[in-house]
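As written, the chains take the letters A, B, C and D, and residue 1 is the first residue of each chain.
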C-alpha cells in the first residue's frame, strides 16, 4: 500500500493550551517504484478546517483520493515521483491555521521541527530547504504563510482557496456565531456543548466553530476570561459592538497584509501557485485576487488561476498545482 | 378617506446628484374626527430601503395597513389621535438613509425644511420641535440619526430594526455585490443594467443594490470615476482588498459610533424606542443592543424591546412604539 | 382617480363554510377618457394565493402598479381602453382558487353571478359573454378553469404561472406541512395558531398555509373531523402514508387533466395566453408546458411564452398578455 | 489492522447494463481478539446513495469511523464481537438500492450469492440464515427490502433513515431533475455530462443524480430510448406531465406498500430496527412512521426510534441499532 501511517509523539505540542493530543498520526504517500538509492521531492499536505491529514486518502465513490491521483499523475509523466506527508493538526477548536499561536499551540514549529525532520529521516527525500507545501482553505492559508515565514524550509507552495481578505471571508460568520455563543452562555460554554453533541457535523455548528477557530489563532489572550475561551473577541459578546483594536490583530495575519513585510522571503521561493473557484462560498476568490496583486506589486512571481466552482470538493485542482510545485523542487 | 395624498415640488432636491424627481408624493394620515380647532401630535414615518411612504398604506390580505392600525389604536384609546406624514424619498440607488449626502441629495433637509413645514401649514399640528419620527430598517436608522441631529425638530423617535453595527449588517453583502459589479463592468454599469431589467425585485439584485445604496450615502465622492458611481468603495473593486480609510467614513455614520458626540442632543428627547427581532436576517438585533448600551452609557433613557421574529413584515411592532412616542409628544 | 373602490354584499357567499365576510371590496380600473356613450372591453383580474384585488394597485417603488401599467399601455396604443375589475376573494385558508368548493365557498358563482353583473350594470362594458379574465399563480389557475367552465361568460383569458401538474407544484410542500400540522396538533389547530400569530407573513407559515389552502379546494369533506379542518388529506396526518384515492380528487382539478373534458368549451374562446418563467420556484413552467401540449393535442389555439424569471414580481408580463386578450375581446 | 480489504470478481454482475466493474472491493471488519475457533455473528453493511463500503471506515476528525465505533462498543460490552462486511455497490447512476434491477444489475443476488458466501468461507461466522444487515438512507432501504425478501439469509436488520413514502421523499427532486435533463438534452446526455465534469459532488448535480438513480431501479425499461437512459420516466420529459402508470411501478418498490405481501417473511426475523431524525431533509421520518405502522398493523415487531437531527452524519445511531441486531443474532 503506497500510503504509510506513522504515529509520532510530539515534544513541541506538549502542554498545548487546548489539551490536544501530542501523539498523532502522520500519513506518508510513497510513489510507485520508490527506490531508496534516489532522492525524491517531498511535499507537505495540510488540510482545511475540520480536517486531518488522513482525510486526503479517504475512499470517495464520487472522487479521487490523493494517492490514486498521485499514482495517475506520476504514471502519466505529468508529475515527477514525489513523497507527500500529511500530518494531523486537528484541535479542539475544530482545525488549524498552521501557525504558532498562544491559543492553539506551536503548529508551525510542529510541522517544521518535527514532521519534516521525521520524514527526511525516514525517507529518501530532497530534504528540508527544498520541500513544497500545499493545501486548500485553511491549508492554502497555511501554505502561503509557511512560504512567507520559512523559506529556509520550503521552496514551493500551492495555496488553493486559501483564507485571505479577512473582512470578506470571516466577518459574515459573526452574526450566527454571536447568536450561538449568546444562546450557549459564551464561547467556552458553546464549545463544551459542541463536543457533547452526538453530531459534530451539524450545519448550524459550522459558523460558530469556524469563528472560534479563527479567533483562537488570531486574537488569543491567555489572560482573557475562561468563559471567553481565553480569546479577545473582535465583537463585544454582549452587545455586538465592533472592537477595531482586536480586529487589527486579525488583519496582521491576513496574507494580503503580510506580503510587504515578507516580500524578500517570498522572492526566494521557486514556485507559488494560487487559485480559487469563482463561486467560492467564502468569497476567497477575492482574497486570491488581492493576494496575487500584492505579490505582483512586490515583483514576486505567482501562477494564478480561476475556475468555475465553489469551495468544496475541488481536489481535482491538485492536477494543476502539484506538477507545478514538484517540477520547481526538482529542477 | 383618512389618508390624503399630496404632491410637492422640492427646492431642496433640485439638482440632486442622482437626477431623481423633485416633485414627489406625500401621504398624510388624518385621525378620525379630526378637528381643526385642536392641535394634534404629528409623526414622520420613514420607510425601509426599497420603499416609499405610500407603501405603508398598501392593501395586504395578510397584514394591517398603517391607516387601519392607527384607526384601531386610536379607537381603543391605546394611542392618542395623531397625524402621520409619510414622504417619498426613493432614489435611483434603491432607497434612502435620510441624511444629507453628496451621493444622493439633502434628504435630511428635505424632511425638516420642506415636508414638516408643509404639514404644519396644512394641518393643525403640534408643530416642529414636538414632532416624532419612526421607521423600520433604513427608516429606523433615519429616525435615530434625525433624533441625534435635530432635537430642534423632533422630541420622540422609534427605531425599529434600524441599521447599526455596520460590520455585522453590511459587510456580509459585499462578496455578492463585488461579484455582481465585476460581472456587470463596475457599479455604475451594474446600476444601469438593474434599471433596464424588467424585474427590479429579483433576489439576486438585493445585495448589490443595498451595497450601492449604502455606499452612496456613506462614502460618496463626486470626484470618483463615473464608472465607480462617484463612490469611494471600502473594497477595491478589482482585487477585493479592504480599504480601512474608506470604511472609517462608513463607521462615522454608524449610530453606535455617533452617540458620544450627540449625547447632549439625545438627552433633549422625550422618548426613544429601540427594538429588533432576535432572528433579524441582517443581525440588527446586535446593532440595537450595541446602540442601547451606548445610550445608557451616556445616561440617555431608552425603551428597548426584543421579539421573536426576523426583519420582514413586523409592522405589528408599531403597536408598541407609536403609543409610546405619541404619548411623549402630547404629555 | 382611475381606480374606483366599491363595497358589495354577497348573497352567494352567505353561509360560506369558513365564516369569511360576505361584504367585500371590489376595485375597478376605469381607463382615461372613459366615455359612457361607448362600450369598453372588461376584464376580471384575479390574484395569487395570499392576495386580494386591491393588491394590484399597491404603491411599489421598485415596480409598476396595474393602474399605471394600464395607463401606459393604453396611452401608447398597445392596448385598447379597458375596464379591469379586481375583486376580493381572500379567505381564512389564505387565498382562493376561484372555484365552487364545499371547503371554501362558491367563488366561481360569486365572480360570475355577482361581480360581473355588478360591473356590467355600473359601467359601460361589452358585457358578460365577452369578458376576459387573467391572473397569476392561483389567479392564472382560476383564469384557465373559468375559461374551461364558463365560455358563456368569458371569451379570452391569460394564465400566468398558473397552478398545473399538481404532482410537481404541490407535493413538495407536504413534508413541511405535515411537520407543521403535527407540531400544532393537526391542521385546524395549525390554522387557528396561524391566525393568532402576530405575523402572518413568516416564511415558515407558507408551505402549511398553501397546503391547507389547496386541500380545502380540492378534497374538502364537510363530514371529516373538525380537527382535520373538514378536509380529506392525501397523506395520513399521523404516518404520512399516501392516499391515492384522495389524490385523485386533486388530480381531477388539475388543468392538465381537465382539458379533454372541456375541449369544446375551450375551443369557443377567442384567445388563450399561457406563460411562465423558466425558473419558477413552484415548477409551474412544467405545468404550463403540459397544459399547452394538452390544448394543442385538442386543436385548441394557445399563445405560449417562456421568460427568464421566477414566480414572484412578474407583473411586467401583463404587457404581453393584456393587449392580446383585450384585442381579442374587441375585434 | 482490524479492517481487511479484499478484491472479488463477480459472476453475478458480469454484463450488467451500466457497464460497471465486476471486480470490486470488500471491506471486512474483524473484531479484536478474533478467534477462528469461535463463531461470530456477521452483519452486512450497505451504504447510502453516492457511497461505497469503504466509506464507512474513512478518517473523520469530527466523527467516529465504523471500526473505532465497533471497537468501542465491543470493548464496553455494549455489543457482542461481530464481523461486518461492507461491499462496494457503487454504479454509474450514482449508487445502489440493493435490488435486482434491469436498469442497474442483480445486486440483491450479488450480496446474497457472492458477498455473504465469500465472507462465510473466509471468516468464522454464524453463517447465512443468521446474518444481519443494516444501512442508512438507500442502505436502510436495502436493509428492509432484503429483510422482506430474504429471510433465508437474514434474521435481523436495521433501517436507518431509509427511503419510504416515495411521494414525500422522491417527488420533490423532480422539478430540478427535469430542468437539468432538459438543459442537457435528456437524462442520458445529462449523465454523460455529469461524468465528464471535474467535480461529481457539485450541489446542483444531486437532485438529477438521485432521480436518475431511483428511476434506473424502479422503472427501467431496456426497450426505452437510449437518450432516455433506458428508463420509463414518471413524468414526460418534454412537458412534465405525470404518468401514473409508471409511478405505480415505483410505488410497488415502496417498503410501505410491500409489507402486506411480505408479512410472513418479516415475521420470521428476530429483530427489526427502524429510526429516523425528525428533521430529515428528505422527509424520511414520515416514511419510517408509515412503515412502522404497516409492520404493526401486520403484527410484526419493530423497534422504532426518532431523534433530533437531519439526514446526514448520523452514524452515532449505530450505537443504538448494532447491539440490538447483533444481540438478536447471537441469542
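Methods note: a residue touches a chain if its C-beta (ideal position, glycine included) is under 8 Å from a C-beta of that chain, and two chains touch if they have at least 3 such contacts.
The structure presented is a predicted model; accordingly, all values stated were derived computationally and were not measured.
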By the touch rule set out at the top, what is the minimum number of steps from chain B to chain C?
1
From the mean C-alpha coordinate of chain A to that of chain B, what's the distance rounded to whole Å?
44
From the C-alpha centre of chain A to that of chain C, how far is it in Å?
56
Touching pairs of chains in this structure are A-B, A-D, B-C, C-D
Per the touch rule, the chain C residues reaching chain B in their complex are 50-52, 54-55, 57-63, 88, 90, 94-95, 198-203, 309-310, 312-314, 316
Considering the complex alone, what residue numbers of chain A touch chain B?
165-168, 171-172, 174-175, 178, 235-236, 238-242, 256, 283, 286-287, 289-290, 292-294
